[in-house]
Amino acid sequence: MQSPAPLPAPPARISVIVWNEFRHERTRPEVAAIYPDGIHATIAAALAELPGLGPGARALDICTATLDEPEQGLSEERLAGCDVLVWWGHRAHAEIEDAVVDRLQRHVLAGMGLIVLHSGHFSRLFRRLMGTHCSLQWRVAGERERLWVVEPAHPIAAGLDDCIELAQEEMYGERFDIPAPDSTVFISWFEGGEVFRSGCCWQRGHGRIFYFRPGHETFPTYHHPQIRRVLTNAVQWAAPNSARRPDRCPKVEPRERLHTPKD
Amino acid sequence: MQSPAPLPAPPARISVIVWNEFRHERTRPEVAAIYPDGIHATIAAALAELPGLGPGARALDICTATLDEPEQGLSEERLAGCDVLVWWGHRAHAEIEDAVVDRLQRHVLAGMGLIVLHSGHFSRLFRRLMGTHCSLQWRVAGERERLWVVEPAHPIAAGLDDCIELAQEEMYGERFDIPAPDSTVFISWFEGGEVFRSGCCWQRGHGRIFYFRPGHETFPTYHHPQIRRVLTNAVQWAAPNSARRPDRCPKVEPRERLHTPKD
Amino acid sequence: MQSPAPLPAPPARISVIVWNEFRHERTRPEVAAIYPDGIHATIAAALAELPGLGPGARALDICTATLDEPEQGLSEERLAGCDVLVWWGHRAHAEIEDAVVDRLQRHVLAGMGLIVLHSGHFSRLFRRLMGTHCSLQWRVAGERERLWVVEPAHPIAAGLDDCIELAQEEMYGERFDIPAPDSTVFISWFEGGEVFRSGCCWQRGHGRIFYFRPGHETFPTYHHPQIRRVLTNAVQWAAPNSARRPDRCPKVEPRERLHTPKD
Amino acid sequence: MQSPAPLPAPPARISVIVWNEFRHERTRPEVAAIYPDGIHATIAAALAELPGLGPGARALDICTATLDEPEQGLSEERLAGCDVLVWWGHRAHAEIEDAVVDRLQRHVLAGMGLIVLHSGHFSRLFRRLMGTHCSLQWRVAGERERLWVVEPAHPIAAGLDDCIELAQEEMYGERFDIPAPDSTVFISWFEGGEVFRSGCCWQRGHGRIFYFRPGHETFPTYHHPQIRRVLTNAVQWAAPNSARRPDRCPKVEPRERLHTPKD
């Protein structure tokens, strides 16, 4: 009887980078009023304040990164130690460099979890990973949104009510041009007449990806307690369950026969 | 080089049974006013009137069946010749006999297409095939519904606009307790604040199943042109693409080795 | 801003019942030689011996149950406190009483995890939850099996090699008549020429279901270290992530309008 | 009651381009012996010889294209009139120009069907559409392969036996680094001990994609009758079911409120 394979040590804590474009907050007072230190700071605080969600939760090591830092905040060194990347971007998608997109894609496929927020649907990284346009319909009218929980037993929905209500949000409407999600956790209703698949999960390579719709910069969405819970749940869900093995992904090599019929 | 397998002759035409409980129409004048000959007659007429949708469409042979006919309208003889069964039921689910549910399940698994309409979500047959409660939330308030097309390239969405609007319908809301659909073609928006996965596809055994939400008996939903197109599309989609082979399903038998390593 | 919803306390430990038909072991010496105290005892020992797989793992409370106990070992009281049920059955599927099948299905839909082993594919419970025949092809020839890991980042594959090799097993071959799994974690290769989807995940209601193919009673499969690891991983994965809410499932009730357009 | 939407005329015939790298056949005599006019010519002949598979099949207009033609055989004009593109490539993946990959991706997302054969798993186009490495394990040993039909009611499996046996093929083994397919139609068994998901379907944008594993250039795979049937089935399945609407995809624009609550 063979002995068990040596278990790759799963990380005892989850290392999270909250990345933000951080432009709106520095140029538009109405955004700065809601997120004075940037959306990234608010999200990082949300992750820090929530106790682990039960005995199965791991503790978090949280840091932030922004577009205007060296290497756009996303150097190889930072990503090598990152278990989950949270991404908020909007008007500067085109500024992200090819080398950074390549690097991010490689890390996701090697096991880094990725949480893409709101207008990040149009980021180069998300479109690269999806392979589709990721287009949608939209309207900024400060209207009511309800996020209905469609998969209540999904880890990302743990501890939530049947729906999350936001008094004012930007509208995103179908058709959302994405590959059919592996799981659809939330579907949004908008006062103005549209629906949207607002919480979508995909596995790509060794990495787990979660897209979460709400979070327009002019509304206080990331201060909402249930939205903050979703973010915490999503980080726990997206973290790799064993040590990442970046070497395994791109290997395409000839193989010896395992089974040799006798002759 | 082996010769090609004899191709089971696919049916040149599609044989459809539109089954209806046919109770409301005979006892409630407001329903009879909308569906004087029964919902089944209106649906059968819809299927008959629409020309095939392009060169790939097959012609239909359409008949109807109702609960109060002998063997509840669903004898072995009728089902043996049926390619697609359309099902509308509501208040008499419990009256369907065990033998009929067993027979229907067997035929679906052997390749008969099944289109379950509206309150049919709670039929014994649908619950049997899904394995779940199939529960949902509801409200009769004659409110506006919009069915958004989420998979525009799906055959069931052929020829539709971006959404179908119904001025008055019953509301069905999430959470709809179903297995995650293989494809979700429509998601509904309701004026009162809910969403619903309104057009859902599943493969079970050799049979294709489509659940389509709209169709409360007090509203003229099945007279709506785009709803009628969905029904026609769904029949074409659900029809088996080769002759049914009912013998293949339940066979569990010992097998000789295909590959014998030499020794 | 509304305050966060009261979080249902997730169970600090996972309560597991390993259920076994326990007939072969008492009547066939060659089976008793491999599993002297029954397959259930060997599996319970496997779950007990493995330390949690990293910081995210919860401790287990393990007990066993067998067919010939009162209420077939599966009373309402026992199931009410059960987080995950492991099921091994073979020749006595037909003996399981209607009331027990109903009760088990209800508990799975309310959130109890279910791990169905080997010939349990033909149990009344599994067929009930799948809605299909669950038929397959088989051969007992004591041949080599390899279980290839198709989703290496799935929690059930944590800590495994690229494939698990079993020197002698019963063959199960496609077509396996199941609904397309939500995730296919393992695909088996058999020396005699067949393949099989050997590790399949489904969500049904609030419950997670895992089918795991190996485990014929005449082979020492449940003594194999990597098979034992799969069982431990599967229990952690299938456990509900929040307290079960059995009341939520079957509720179908009228609902007030959430959103009332002003008029 | 609104009148039905004008139905976009679905194409009466399916226009197919069989694209081939066409290098091996011109430089290696052992390949030329099997495919004297190129793999594309053999596949085109296979599509031409097979009568439509029953009344639902559309007639085909077939042409071929190769890498060394102007614009690599894939000009905007040719693609604009193409319903389904069949792709065989191997050693020249890196030669495909950025503009061609961009163009192909755009056409697939707008509705052009795509059938990727064998070593095309590593083409720039397929990797672009999948978002993953698309890596796998391989071995050229001229060994026996069996393609088991896992979804016998899928249109691509119409008319096939339970499995297709190839006496000699290259081995491709898991893990195949792809997004979980929407449907897995075939799983391969290899004499040497591996398995592979050999027939995989995905929807991306408005386009249907089918990956089909067999077809190493040194074996007569595309002369095999059942392999030829799979190709014909796949073309019928991948063809768009309504006229393509390339304008719909990338549109992201502000939208007026559909539903205006009165006030």
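The chains carry the letters A, B, C and D, assigned in the order they are written, with residues numbered from 1 in each.
Convention: a contact is a pair of C-beta atoms (placed from the backbone, for glycine too) under 8 Å apart; a residue touches a chain by one contact, two chains touch by 3 or more.
These are the chains along with the protein names UniProt gives them: A, B, C, D = Trehalose utilization protein.
As the structure is a prediction and not an experimental result, all values here were calculated from the model.
A.B. asks: If you average the Cα atoms per chain, which one ends up farthest from subunit A?
C.D. replies: The most distant chain relative to subunit A turns out to be B.
A.B. asks: Can you give the whole-Å distance between the Cα centres of subunit C and subunit D?
C.D. replies: 37
A.B. asks: Determine the centre-to-centre distance between subunit A and subunit D, using the mean Cα coordinates as centres, and give it in whole Å.
C.D. replies: 31
A.B. asks: On subunit A, where are the residues touching two or more other chains?
C.D. replies: In subunit A, 146, 151-152, 173, 180, 182-183, 191, 193-194, 203, 205, 258-259, 261 touch at least two other chains.
A.B. asks: Taking the touch definition from the header, please name the shape of the chain graph: line, ring, star, complete or other.
C.D. replies: Topology of the interface graph: complete, with all chain pairs in contact.
A.B. asks: Help me check something: in the complex, which residues belonging to subunit B touch subunit D?
C.D. replies: Of all residues in subunit B, those touching subunit D are 1-5, 7-13, 53-58, 111, 144, 146, 151-155, 158-161, 182-183, 191, 203, 205-208, 223-226, 228-229, 240-242, 248, 258-259.
A.B. asks: Which subunit D residues qualify as touching subunit C in the complex?
C.D. replies: Touch list, subunit D to subunit C: 146, 148-152, 162, 173-176, 180, 183-184, 187-190, 193-195, 197, 261-263.
A.B. asks: For subunit A, which residues count as touching subunit D in their complex?
C.D. replies: Interface residues on the subunit A side: 105, 109, 122, 128-133, 135-141, 143, 171, 173, 177, 179-180, 182, 191-194, 202-205, 249-261.
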